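Here subunit A shows up in two complexes: once beside subunit B, once beside subunit C.
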Partner chain A sequence: MPSNELAAGPPVPVTPTTSAAEDVIHDIGFRHYDGARFGRGWIVRSLLVETVRGIFGLGRPAKSKIMPWVLFGILMLPPLIIALWVILTGGKDLPLSYTGYLSSMQFVISLFVAGAAPYCVSRDLRHGVIPLYLSRPMKRSDYALAKFGGLSIGLFLVLAVPETLLLLGAVLAKLSIGHQLAGWAGGIAISAILALALSSVGLVIAAFTPRRGLGVAAIVTTLLVASGMSFVLSGIAEQKGYLKLSDYVAMLDPFRLVDGLAVAWFGVSSSSSTAPPPGALGGTVFALVAAALVGGGVAILVRRYRKVGVV
Partner chain B sequence: MNRVVMHLTVRGLFGRRRAVLLVILPVLLLLLAALTRWASGGDPTASAGLTGGFAMGTVVPLMCLLVGTGVIGPEIDDGSIVYLLAKPLPRRTILLSKLVVALAAALVFAVLPAMASAAIAGDQGMRLTMAFGVTAALAAITYTTIFVALSVVTRNAVIVGLLYALVWETLLGGYVPGVRDVSVRQWALAPAEQLLGTRAAEWGVTSVVSVTVGLALLAATTVAAAVLAVRRLQTLRLTTGD
Partner chain C sequence: MDNRAAGNRGAGATLPIVPAIVTDSLTRTFGLVTALSQLTVEMPTGVVGLVGANGAGKSTLIKILLGLLPPTSGRAQILGMDCRTDGLQIRQLVGYMPESDCLPPDVSATEFVVHLARMSGLPSAVARERTADTLRHVGLYEERYRPIGGYSTGMKQRVKLAQALVHDPKLVLLDEPTNGLDPAGRDEMLGLIQRIGSEFSISVVVTSHLLGELERIADHIVVIEGGVLQRSTSTADATQLSGVVLVEVTDQAAEIIARLRAAGAQVADAGGSQSFTVELSDETVLDAVQRAVADLGVGLIRMQRRRHHLTEFFQPEQEAADAQQ
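Moving on to the complex of A and B:
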């Protein structure tokens, strides 16, 4: 919130600023400022940093910290338990692959996205402060991209930390380092793609729902229903003998989409009963769909912010 | 009950494009039911699987959550509830009016689709439809009351509600047997098991509790949630924040 800039102070005579290179109204009659002004890049950077911090409740009241950290804690539990289990029993491999972990925690990850995405955009829309952002040397697309980048980074951190914890457990249990490192790298890559895909889905929905509660519900519903639909449709297609169709329907669910990418690129076994995607063609199709999901989401977001805030 | 409050609540729930969100899920459920019929040829076991799994496990809790948190949550969230609370109306009346609207909406958007799903996907003499109708209605009443209470108690009502409905009931219930005893879904399934009689086991409609226990727990939970909601609304603190 830009309210800090409007902090009360002794009335100072208004002097026209001449130093500003861009056509920006800096002095709106409150308090005079002579210091250095950082440009557009710095504003985008600040917005990005504030978004990432806000996702974890940093710089927000204690109440806002509860949910992100509870969900983060739930996400950290399985790696801790698995690591302990492997160390104590002296197993030969992790009972869960690095990418399989993402699918098995699908629901909690969905909830985290649903909590974080409306926080990023809904309040600014609801309180009509977008024009205040835009009165600075920042473009509309900068705002949308900064929010998208912030949510993606936040989400990636949430996924990458448990992955690294899994690796740490594997290393402590003296499993073969090379094999584990390769698996971990794959898990990190898939986490990044999943973070981008979920951010685009979540932000697009949140950007159209100024009410926070409604946005949370809409995002969770979308992700759950997409997942449920893809499983039921897969099952029906399999029952009817359309095995290829059954594998491709998995693309409806972002989690099964990235799971398919993991199968195609890193050769891990699929975490769902079906085995997507079939062959090299399937891998390409899955990759294209993932790219289209992220690209399409960002395009809709930028389009949405071309008009928003103009009353 | 107060008609004006109910009217305002209905407008808040269905106004603008919000009704679309409420229609999408039931429509998807019916589409899946039609597909299931096509795939399995109207087999009651497959029908019971879809209705007992996807409809009772996902659609009914989600719809009750959307409706239950939608009738009062947004107003508390943006603080406009004060205009309602400032009126010379008992808070009990305000809450019960909103609860009645929520229950009616849950009946239309959760219970009827669940029944239709059983009827479309395959049934024998409407027995499955009736059984799931009773189950869905009981579950919807309890879920909706719980979620209304939850949205008065906490601002994270949607996330807490989802954690309960899906992580507790669906995920943990599958692994930890004790969890299943404390589950609205299991309590509501008990009457269905009784109604289906000998067919229940054959079609896979089973509950872990008996009918008396199930109904008693449902009633107790519903009343407790309603009382809690009224009590919390009487001492509501509006906190500013994000």
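Moving on to the complex of A and C:
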């Protein structure tokens, strides 16, 4: 097949002596690739990186960058103000604990999740992109896990940067380093757990709502309703005298769940007046529920993608 | 960059004996619906046309071949790999262009294809280089930097084709690539698919519900209907073995028809006063026509092969061969 050799053959080497030939563009035909082909590890990592970038609007149109960066900016404001205030007034401690910061920014964090989770999964579902992923050397669960990992990392960054800003302010204000470092480490740990829990809730909802706007609304509503329910039920239980029940009902809200973990593990005071988990048992139960929330979410997500893209 | 192409691929292309796809009693049911029933077929390398109406089981077969859907029973092999167990390896060396819309509107063709090239396991630098190359080959130039949302149907089909080719597969499965295209776009797409088979040396399985358009570009045609194999023939075989011959003479057509019928041939009127068609049961029919014409001393204007099942299709070489007879 001479035409084949002509088309797919190696490019004719251009010798430096014939300078005129260097300006000519040769159509060298379709080139084949014999190099390395990486496996699932590389593919999952690439998809994860792509997801994290996309959450912050990188590689997407300008208008996709507005929401994440505005919300990220809002999340950085309190640490900046607190840091300045402590530096200028010379206080003995931060007016807000590292973990308390997470609870106080609950609404903004919820909005960020509501914007990011649908981007991660709804877009591919809506526009039918899944078959293109499935026809590549990866497993269905790889896709779900990469998206989960990507959103978790993106969320963690959004929480960890303000936490670190708080630490920076405390250090500049010459507060006790050891104490602040311990507080910061706790804040980072709780941020990580909160990122996992919120990713799990957000992605499960988004994966069942291919319409992006619907997904955003559903996630905000779910997080707000969960929070409201948990406070209302806690209040009712407390009035009726079931104090333990009142404490445990806090677990309905992911933010109060991780707040309870912060109280149990790091001994910080609870940011919501009603939620100190009772003792070692309480801490264990809260931890188990958090693990179940994350694990259950991932399991539902993986299950969901077992069905997508098959007739 | 690499020069294996002419050597390896060229050698591969000259060995069409090794089938690209083999299925053996392949069956797939969805509840009470049987999508594929006892499908046993071999598809050679080169361009294979898979023809069937909507719902004939084409897409189900493709999903089984990609290792995404386990068959209910039976066996399928693609490039020598088992579709039940070797899904990951298969998908490394096979490209797939889905029938449905599958492009997000807010990214450019370049970004999207680079991303999917990485998803096929290519390193980033290679992914970028091959994306630029592949988009050029499918005919996307400056517009490849614009968001896909603003593309025409023809351009979108080209992006879908590019993502199936970007990782240099050994075989591509193209599901209804001409869907939604206008006649000119259809011809361009078919030409491109033909080039993939010949110039790029990549085997192609292309589905369509239109037999006519695949006949023009395919080396081999497989027809399925209701999940059952109807026929599997190379397009060259089809012209040789099946069909009827259109005969046109200068005079005495009725007498020739009578003689042929006496010799046991199936003859039908072709509408013209001095022409008729005769069923080509074997080569002796041609001799009988020749003898009758020679005996009567009339002029033979033409003998042209027609085929039964495949629609109008004349390969130039075949026509020339017919004219010589």
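The rule is simple: the second predicted complex is superposed on the first by the 275 of 311 C-alpha atoms of A that agree within 3 Å, B and C clash if a C-alpha of one lies under 4 Å from a C-alpha of the other, contacts with A are read in each partner's own complex, and residues count from 1 in each chain.
The working rule: a contact is a pair of C-beta atoms (placed from the backbone, for glycine too) under 8 Å apart; a residue touches a chain by one contact, two chains touch by 3 or more.
This structure is a prediction, so every number in the text was calculated from the model and none was measured.
Colleague: Regarding the shared-chain residue A:240, is it in contact with subunit B (first), subunit C (second), both, or neither?
Modeller: first
Colleague: For A:279, select first, second, both or neither according to whether it touches subunit B, subunit C, the two together, or no partner.
Modeller: In the superposition, A:279 contacts neither subunit B nor subunit C.
Colleague: When the two structures are overlaid on chain A, which partner does A:296 contact: first (subunit B), second (subunit C), both, or neither?
Modeller: neither
Colleague: Touching A:60 in the superposition: subunit B (first), subunit C (second), both, neither?
Modeller: In the superposition, A:60 touches subunit B and subunit C alike.
Colleague: Using the touch definition from the top, say if A:31 reaches subunit B (first), subunit C (second), both or neither.
Modeller: second
Colleague: Check whether A:221 is in contact with subunit B, with subunit C, with both or with neither, and answer first, second, both or neither.
Modeller: In the superposed model, A:221 contacts subunit B only, not subunit C.
Colleague: Quick check for you: in the superposed arrangement, does A:129 touch first (subunit B), second (subunit C), both or neither?
Modeller: In the superposition, A:129 touches subunit C alone.
Colleague: A:95 in the overlay: touching subunit B, subunit C, both, or neither? Say first, second, both or neither.
Modeller: neither
Colleague: Can you pull the subunit A residues that subunit B and subunit C both touch?
Modeller: 60-61, 64, 123
Colleague: Would you mind writing out the residues of subunit A in touch with subunit C in their complex?
Modeller: 1, 3-5, 7-10, 29-40, 42-43, 46-47, 50, 59-61, 64, 123-124, 127-129, 131-139, 309-311
Colleague: Inside the complex, what are the residues of subunit B that reach subunit A?
Modeller: Going through subunit B, the ones touching subunit A are 18, 21, 24-25, 28, 32, 35-36, 38-40, 50, 54, 58, 62, 65-66, 69-70, 73-74, 77-78, 151, 155-159, 162-163, 166-167, 171, 239, 241-242.
Colleague: Which subunit C residues qualify as touching subunit A in the complex?
Modeller: Touching subunit A from subunit C are residues 1-6, 8-10, 13-14, 30, 35, 59-60, 63, 66, 68-69, 88-89, 91-92, 94-96, 98, 100-107, 111, 115-116, 118-124, 126, 130, 133, 137, 147, 163, 167-168, 198-201.
Colleague: Quick one: which bits of subunit A touch subunit B in the complex? Just the residue numbers, please.
Modeller: Listed in rising order, the residues are 60-61, 63-64, 66-67, 107-108, 111, 114-115, 119, 123, 126, 211-214, 216-218, 220-221, 224-225, 228-229, 232-233, 235-236, 239-240.
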